[in-house]
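So, here's a batch of structures to check.
Each of the next two complexes has chain A plus one more chain, namely chain B in the first and chain C in the second.
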Partner chain A sequence: MKLKTFCTEHESFILGTGFIVILLALWESVPLWYTLPKGMALFFTTPSKVAAAFQQLLINGEIEKHFYVSAIAFLAGLGLSIVVGLPLGLLMGRSQTLEALLDPYVTSFNASPRIVWLPLMILWFGIGIWSKIVIVFAGAVFPLLINTYAGVKNVNRVLVNVVRSFGANEWQLMKVVVLPNSLPYIIAGLRLAIGRAILGVVVGEFFGSSQGLGYMIASAATNYKVDVVFVGVAIFMALSVILTLAVKQLESRLASWRPETAKTF
Partner chain B sequence: MNAKDYYTEHRRLVLGVFSVIFLVAAWELLLTYVFPVNPFFFTKPSLIAEAFKEQVQGAKLWHDLAISSRAFLWGFSFAVIVGIPLGLVMGWRRRVEYALDPFLTAMYASPLVALAPLLIIVFGVGVLGKAALVFLLSVFPFVFNVFAGVKSTDALLINVIRSFGGTDKDLYFKVILPSTMPYLIAGARLAIGRGLVGIIVGEFYAASEGIGFAISQAGDTYRLPDMFVGIIILSVIAVVLTEAMRRLELTVAPWRAGEEVR
Partner chain C sequence: MRRPLAKMPPFIRANDITLVFKSKNRDPVTALNNLSFEIERGEFVSIVGPSGCGKSTFLNMLLGLVRPDSGHMQMNGTPIKGPGQERAMVFQEFGLLPWRTVTANVELGLELKGVAAAQRTQRAMELIKLVGLNGFERHYPHELSGGMKQRVGLARALATEPEVLLMDEPFAALDAQTRDLMQAELLQIWERTKKTVLFVTHSIEEAAYLSDRVIVMTARPGRTKQIIDINLPRPRDYEMRLTPEFNEIKSRIWEVLKEELIPGSRR
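And then the complex of A and B:
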């Protein structure tokens, strides 16, 4: 009986992890019940082989080396997009003229895949960290900017008028009303920006790099080292999931008191 | 006086058009009179316009576009065919939701584009590899948006249909489908963006034709005007498709435009 109540209480957890475990077990057992044709066997790997490759790459320091390169590009690009996107979003939210002037660019860049600029960035900045940082920046800046802007636009007019009536200047208004009220939006923007930034790192390293996890994946694929490809993919997956969950946690903590949900684009 | 009235009424439009014209003019003038253009590293609007005219009249651009859109359509259609039923089942059956949600969420959150080299190598540089990539990237927005749409269906409406003896068919077509529609369109909008990334990355990585390949080849051979033509065409397509979806969203469900599930 006790087992049964435990099962019903934790049903979602059991089913969720159970599904993943079964999927991995099925994948692992494929070679046991099906002999792959020669051509396919070259592209096939099992979770245990991926784990073994992961351990080996960890021991010989390969992962650490590539990870640092990717992490620096990620942090620099994301940092730059925060430094640019946040103030610009605030200004666009407060000034209608600036909004009208910049809107065509923001809308069209946001709607189009920034990855198309990669060959040009490689041409301009060469193969290496700079072209990556720029492409990460280009991916991450728009969600941040647009969400900050939406947050500012959504600030309660009454609050703004009250603070104004008590003689606050624009700077104080920003600090006391606008920024705190748009924080949930900014965090939602940050969550999207993280996803875009990781995408930028991956693709940037496929083409414009000789180091980094993305490069590790691309070069392993060309050498048919499928297990190494999956090691790289798994690392990116884990990082994205962890970072997204962390920001979501922050989001729900900040947004717990507000009834409406933050707009995300 | 009339001009002033017009300005106050269409201020946004006037300023927007002005800023675009200003930028293009400044770009052209600066590179014509102030800095001499180094054609290998920079280009200017007049040269891009020339290349544009040439490419539109030629056959290669249209061929590339056709190649890319074919792969895109294949991948996207499969994403629709697989994603919508999956989302429906997940939204309707609690146990299926419990089982699939962690796995699919992890897949959705992760940059699946990292699988691009593997997919291209396994499925080849033709339509199949790119279509597989597009499918993988664009299926999850459909799944999660349809899922959220079903979840958001008003339980009261379901009970009403049931009480009045409605069949399952009525339930699906009169309640669940209409309330899922706006979510579905929002999902399609996201999926288009992600699918385009898939096409571009796939063609950058390895291809012999296609618009992404044309862009990267122009970059490799320092033909900057051609490269800009490709970039501009692709961006315009993306903007038009996304904007069309947004309009559709506004007509179908004006009350929740711009909102997204995850």
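And then the complex of A and C:
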């Protein structure tokens, strides 16, 4: 009985992890029932080998070193895009002048792939941290800016009138209605921005770096160290999951007033 | 409630108000055309009129959110040029901030005025009690019924101690019983606080029950068609609605309003 309630309560967790465990076991068992041709065996690895490589890289401090470099580029780029994109999105949504002034640039930059700027960034900022921060920023700032802007544009007119009727100035209006009303949009933008920022880190390090997790993956691949490649991939996957969960946590904290979705059949 | 001296200016005065909505790719809509009337301090005045005749637009003007194209609006002898704390509105669809608790919603006006937190919470508590929402201070709007939400709207409007309460179909979204209850409570609060109330409604019964005078507006473009005095004794109670006098007044309002509602019957 107790086991049954435990299972229903944690249903999605049990199903999720259970499935992963099964997949990993299947993958591990591939060499037992199938002999790969020689050429392919070179590019094949198993979870246990990946785990061993991970342990190795952990002990010799490689991971820590690369992780640190990537994390700095990620945090600095994302932080910068929040500091710039959020206020700019709010202002663009409220001021028609600013909207007319900036909209062509936002649209054209956002519609074009940011990667085309990478060679120029490397020329300007070198292969150090700065070119990567700029690329991360360029990827993350637009979803944040555009989502914030969309949120402001969709603000509830009645609520704006309510607040204005109490004599609120533009700044108070922003703080009391516009910002809270746009919050779901901003959070969605943040989620997109995180994805873009991770992509920026990886791509930046693939092409313009001698350090970082992206570089670790790229250089391992050129040396046929497939298990190291998988270590890098697994780290990025884990980080993405953790960051997504963190945003969800942030969202549920900020939107604690929102009605619980009722359980339906 | 009548003016004691003919020389004293009326408390609220709207004079020849005209407003035309102009939008791109669309014919201009004349919402109000030469609307005029006067309201005395402490009066309870209702406005009835066909849908789309500009009642909400007019309340928004008095609130200071919409500027007329021509005409004058005065309150206490000074022209109305924007929002002011002597006027507050109770909105039709409540207009509560969904992310704020009942208390924080009631505090809104005081907060925007810069009243200290402790003071405004105390004031909010008084008003929550006045509208009978004790025990729901920390609830969010989505946890309240329609009637409770409108009590919050009323408390919020009263919090800044306005002299005039503008109410735009405040009870339209409520069921019949809750509506009766809210009407009775509004009358009690009005008698206690001596506010001037301008009340827009589609219900003739409601207008007749609550008001000192009922302004009947024409179909769009809105003008004052006729002003009907309701000389029923106060305090009024539910039983009064069953008297022949009350029904006579209702049918008088209906006779005037009817001409505006039936197309082609005007003039």
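General remarks:
In the analysis below, the second predicted complex is superposed on the first by the 233 of 265 C-alpha atoms of A that agree within 3 Å, B and C clash if a C-alpha of one lies under 4 Å from a C-alpha of the other, contacts with A are read in each partner's own complex, and residues count from 1 in each chain.
The criterion applied here is as follows: contacts are C-beta pairs under 8 Å (C-beta built on N, C-alpha and C of every residue); 3 or more make two chains touch, one makes a residue touch a chain.
These figures come from a predicted structure and were not determined experimentally.
Contact with chain B, but none with chain C, is seen for A:Val226 once the two complexes are overlaid on the shared chain. Of the two partners chain B and chain C, more chain A residues are in touch with B.
In the overlay built on the shared chain, the residue A:Val177 is in contact with chain C alone; chain B does not reach it. Judged by the touch definition given at the top, the superposed model places A:Val241 against chain B, while chain C stays out of reach. When both complexes are overlaid on chain A, the residue A:Val158 reaches chain C alone and has no touch with chain B. Contacts of A:Phe166 after superposition on the shared chain: chain C is touched, whereas chain B is not. Put simply, chain A uses no single residue to touch chain B in one complex and chain C in the other. Contacts from chain B toward chain A in the complex involve residues 11-20, 41, 95, 97-103, 105-107, 109-111, 113-118, 120-122, 193, 196-197, 200-201, 204-205, 212, 215-216, 218-220, 222, 224, 227, 230-231, 234-236, 238-239, 242-243, 258-260.
On the chain A side of its complex with chain B, the touching residues are 11-12, 15-20, 23, 43, 96-97, 99-105, 107-109, 111-113, 115-120, 122-124, 195, 198-199, 202-203, 206-207, 214, 217-218, 220-222, 224, 226, 229, 232-233, 236-237, 240-241, 244, 261, 263-265.
Looking at the complex, you find that chain A touches chain C at residues 158-159, 161-168, 172, 176-177, 180, 255, 257-259. On chain C, the positions that touch chain A within their shared complex are 60, 63-65, 82-85, 87-89, 91, 93, 95, 97-101, 108-109, 111-113, 140, 142-143, 160.
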